Each structure stands twice: as C-alpha cells, then as structure tokens.
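Below, subunit A partners subunit B and then partners subunit C, in two separate complexes.
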Partner chain A sequence: MLGVRLYLAQRISALILAPLVLGHLAVMIYATRDGLSASEILSRTQGSLFWGLSYGLFVAAVAVHAAIGLRVIVAEHVRLPGVALDAFTWSVGGVLLAMGARAVAAVVL
Partner chain B sequence: MQNPSGNLDVSVWRGNGAGGGYSAYLVPVRENQTILDVVTWIQHRLETTLSYRFACRVGMCGSCAMMVNGKPRWTCRTHVQRVIDGNSLKIAPLRNLPVIKDLVCDMAEFFAKWRKAEGHFHPTSTRHEVIAPIPPDDPRRIAASAAIECINCAVCYAACDVVALNLDYLGPAALNRAWTLINDQRDGARAARLAAVSGDSGCFNCHSQQSCAVFCPNELNPTESIAGLKRAAAAAALGGEI
Partner chain C sequence: MVKPHRNHPLWFAYMAHRISGLLLAVFLPAHFYVLGLALNHAAELDGFLRWTEYPVVRLAEIGLVFLLAVHCFGGLRLLALELLPWSPRQKTHAAVATALSFLVSTGFALSVV
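Then we have the complex of A and B:
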C-alpha cells in the first residue's frame, strides 16, 4: 500500500508544500489587507515567471501529496485491490494536477 | 470492586473460526486474582471444554494474551482489580488474529510476518571465530536493548489499528524485531532486511498511533522502533542501498 518510494514522495512533497503554503497565506493576507482588486492582482501575476514557477510547484506538490494521502485512506477503509488502488492514486493526482495547472495558467498567462 | 454476592460477572467468548458468542459465568472474587486465574477457574469448575492457551504463568512465555474488556492484555500478569469494569469482565480472543477455538488464536500469520520482515539473525561469522566485542554503551547496542525484550505475545498486534485495517501489514512486533537486528552489528542482512520492511506492507504504513506502546506488557515502544526503521529505510533508498 505504501512502500518506500511513495513514502519519500509524500514526505518530500510535504517539505516543498510547507513554505509554499506559508508564502501563499502571507501573500493572501497582504493582498486583501491592501485592498488589491482582482485586476490589480492579475496585473502583477500575468507574465510573471516567479509566480508561474511558484504556484506550478505548489500544484505539482499538492497533486503528489494529496494523491498518496487519499491512497492510504482508501486502501485502509475501502480495501481496493492493488491495481484499482494504483488507478485511483494516479487519477486523483492527474485531476488535481490538471485543475491546478488550469488555475495557474489563468492567473499567469 | 467486590459485589455483594462476592462474585465477578464474567463473559467469555466461545466459538470457533465460523463464529460464536459470549457465555456468562459467576466467578468468586479473590484478593489476589489474575485474569488467567479467572479463566482457569471457569475451565476447572464450570466449563471443562473451554479452550485457552498459557504456559509459564509468570509473564515470560507470551502465550496467554487475550482481549479483556476490549483491550489486549497478558492475562497471567493482569490483576482483575486493575482492569475490571464495575463488576464485569469481558474476555475474548486476541483481535486481528483468526480464532481456532474459544480464546485460542491461530498465531501462524503473526509469526510468518516475523519471517517476512527478516526477523531472524543472519550470522556473519561462525562459532570458530572470535566473538564480536560490542560495548554496552554503543548507540546501536542501546537501541537494540531498548526493543529486545519482546515475548511475542501479540498484544501489540492486537492493539494495532493499522493491522485491523490492513491485514497484510507486518505489524509492530515483527518490525520491532527487525529493528533490533538492524542494530545488531554481528548481523549481515541489513540491506535485505531494510528492503523487506520497505515494501507495500512494511513500516511506512505505520500511523504512529502508538497503541502498541500503550499496551505492550513489557513497556517496549514498537512505534519508536518503526520510526527508526523508517529513517534507516528512507536513507537506504535515497542512498541507492535498497
């Protein structure tokens, strides 16, 4: 269910996520306290390599981390067999990655 | 707590792998009385066909563990007064193991997992060579010593919710044993053992809930051993060792 590769992938993605989540929260508080409008925020993010890479990494780490976390929950409580469990894990990761990539593209491109 | 009649209300699970249920018995209260004493009294006086397992009666052999009021206990060293709920005792076979009959579990899978976890010594020298000097204050010796006094009672295995949810999981006892051998400088199977405990049913499935440490009758901490295995196996995987 959870071998060493998946374990490492989840821990490393967590290491990546921790500072990015804190940064995301800090930026959100900064932006809303300063009363920036949506268009003002977009003017700062569109075309920005920094925000593209930052949130792109965020989305990739979320896709890996959440897919493995849900895999463990589903394995223990639904008891999916191995192939179905792998399919579930990849599906969750793929959906999260696609949705996240779409959101990042919307604010960066 | 003694009731006015001087009897304990004892429910004992009776049945086999196909199913069963609780039977009620009244057992006289004694001043010093273990759960094993209660079960033995029932078998001697009331229910001669009651099956249960014990050997040493002094907390060394690890064969008498049962569920007592929903919690796994070594029954020969568990005093009734310490675990009784009001005036009631509910005694059942160990959780997470198949029942053979009444209070007797089939331990085959439990011990098979010790093998799967490479829980056996792989010598690097013969009896004809010099004995390896291992100082008592060596950190690996200290780590091994902290986990070595396991009596194979399966209390931790019965307490583990991960085993309950994933019957393939190797479990705290086998992984604890693997950790003692990882720290044995005379052992020659470190990489094979780390690989064995790093599979889909291995140490990385532990959620660190620590029920094993709470209920271990010898006050070992298998969760800590498993955490050590996780660190060692992760480092070995990153280093290309496994």
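Then we have the complex of A and C:
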C-alpha cells in the first residue's frame, strides 16, 4: 500500500508544504482585508519570480502529498489491485500538477 | 457501540487530519481552475470573486481556511511525533493545533467580514 519511498515522499512533501501553507494563510488574511479583485491579485503576482517559485513549489509538493494521501484512503476502503492503486495515484498527482501549473502560469506570467 | 479507541482525543485528531485532507484534495482542482481563469478570462475571475462575497460563500471560505489550518497544524504535530524525540504530551499538542486552527480561521473571518 505505502512503501518506504511513498512514505518518505509524503513526509518530505509535508515538510515543504508546511511553511508554504503558513505563508499562504498569512497572505490570505492580509490580502482579503479590503476585498479581492483579479487586478489586485495579478498586481502582486505577475512577473514575480518569488511568487512563481513559491507557488510552483507549492503545486509540485501538493500534487505529491494529495495523491499519496488519497491513495492511503482508497487503499483502506476499497480492495484494489496494486496496479489500479498506482494508476489512481499517478492520475491524481498528474491532474493536480497540470491544473496547478496552469494556475501558477495564469497568475505569474 | 463505539469502540474505546474511537473515544480517544487523538483518534479525533487523526480523523480531523484525514477528513480535512480529503476535503482539501477535493477542493484543490476547483481552486486551481478558478485561478487559471486569470490566464484568458480575467472578467470571469472578477465575477467569481464577487460571487464569493455572498455570506454563505464567505462562510464556506472560512470553513476551508479552518480545514487548511487544521491539516497544517495537525500535520506539524504528526511530523513532530515522528521526527522529534518522543513527548508524552500528545493530547496537549493536538489541543494546541486545534486552538491555532481556530485562531487562524477567526483571523481570516475578521478580515473578510
């Protein structure tokens, strides 16, 4: 279900995500004080290497973390062969990575 | 009948971590989709952001922030449990993680209301 490599990937992605999520929570509280608009978001993020790298790292780490987390839940509740479980994990990770990369490109480029 | 271990505070902490993670994973594609609107459809993104000003949507947002905080602080507790020297004060750590989650989500609620 969850070998050493997946276990380590889950914990390493968690260690990467923790400071990024804390930063995200702080930015959300700060940025929403006077309401949000597309122009306000884009003025902060467009052309910013810092936000591009931060959100890019966030997307990569969350794709790994969520895919493995959902794999564990599915494996505990549904009797699936290993190949199907692997396919599910890769699919979730791939979809999140692709959608997340598009979102980062949309707000940074 | 509820099994004894399922009445333990740390079982509730485990369940909170699992349910918050599951709900966040379901929410993430929608979040990415909306941000992706900024690529070619900034007006649609603005329309969506106006929609989030409805009280019931605001309430859902505050709930999402709470879920994110619960998963983050609960996850930090788990990482500390696994990576740092053992501490017998796990219930206290779980209580602190819950309190911090309420603090953060209340801070968010005050900033958007």
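Here is the rule we go by: the second predicted complex is superposed on the first by the 105 of 109 C-alpha atoms of A that agree within 3 Å, B and C clash if a C-alpha of one lies under 4 Å from a C-alpha of the other, contacts with A are read in each partner's own complex, and residues count from 1 in each chain.
The criterion applied here is as follows: a contact is a pair of C-beta atoms (placed from the backbone, for glycine too) under 8 Å apart; a residue touches a chain by one contact, two chains touch by 3 or more.
Keep in mind the model is a prediction, meaning the values are calculated, not measured.
Participant: Quick check on the subunit A-based superposition: subunit B and subunit C, clash or fit?
Facilitator: Superposition result for subunit B and subunit C: fit.
Participant: What angle, in steps of 10 degrees, lies at subunit A between subunit B and subunit C when each chain is taken as its C-alpha centre?
Facilitator: Computed from the C-alpha centres, it is 70 degrees.
Participant: More residues of subunit A are touched by which chain, subunit B or subunit C?
Facilitator: C
Participant: I'd like to know which partner A:L36 touches here: subunit B for first, subunit C for second, both or neither.
Facilitator: second
Participant: Touch check for A:A103: first (subunit B), second (subunit C), both, or neither?
Facilitator: Only subunit C; A:A103 stays clear of subunit B.
Participant: Closest pair of CA atoms, one in subunit B and one in subunit C, after superposing: how far apart in Å?
Facilitator: The answer for the closest subunit B-subunit C C-alpha pair is 6 Å.
Participant: Where on subunit A do the contacts with subunit B and the contacts with subunit C coincide?
Facilitator: Subunit A residues touching both partners: 11.
Participant: Can you list the residues on subunit A that touch subunit C in the complex?
Facilitator: The contact residues of subunit A facing subunit C are 11, 14-15, 17-18, 21-22, 24-25, 28-30, 32-33, 35-39, 41-42, 59, 62, 66, 69-70, 73, 92, 95-96, 99-100, 102-107.
Participant: Report the residues of subunit C in contact with subunit A in the complex, numbered from low to high.
Facilitator: 18, 21-22, 24-25, 28-29, 31-33, 35-39, 42-43, 45-46, 49, 52-53, 65, 68-69, 72, 75-76, 79, 82-83, 104, 107-108, 111-112
Participant: If we count contacts the way the header does, which residues on subunit A are in touch with subunit B in the complex?
Facilitator: 1-8, 11, 72, 75-77, 82
Participant: If you look only at subunit B, which of its residues touch subunit A in the complex?
Facilitator: Residues 162, 165-166, 168, 198-202, 204-205, 230, 233-234, 237-238, 242.
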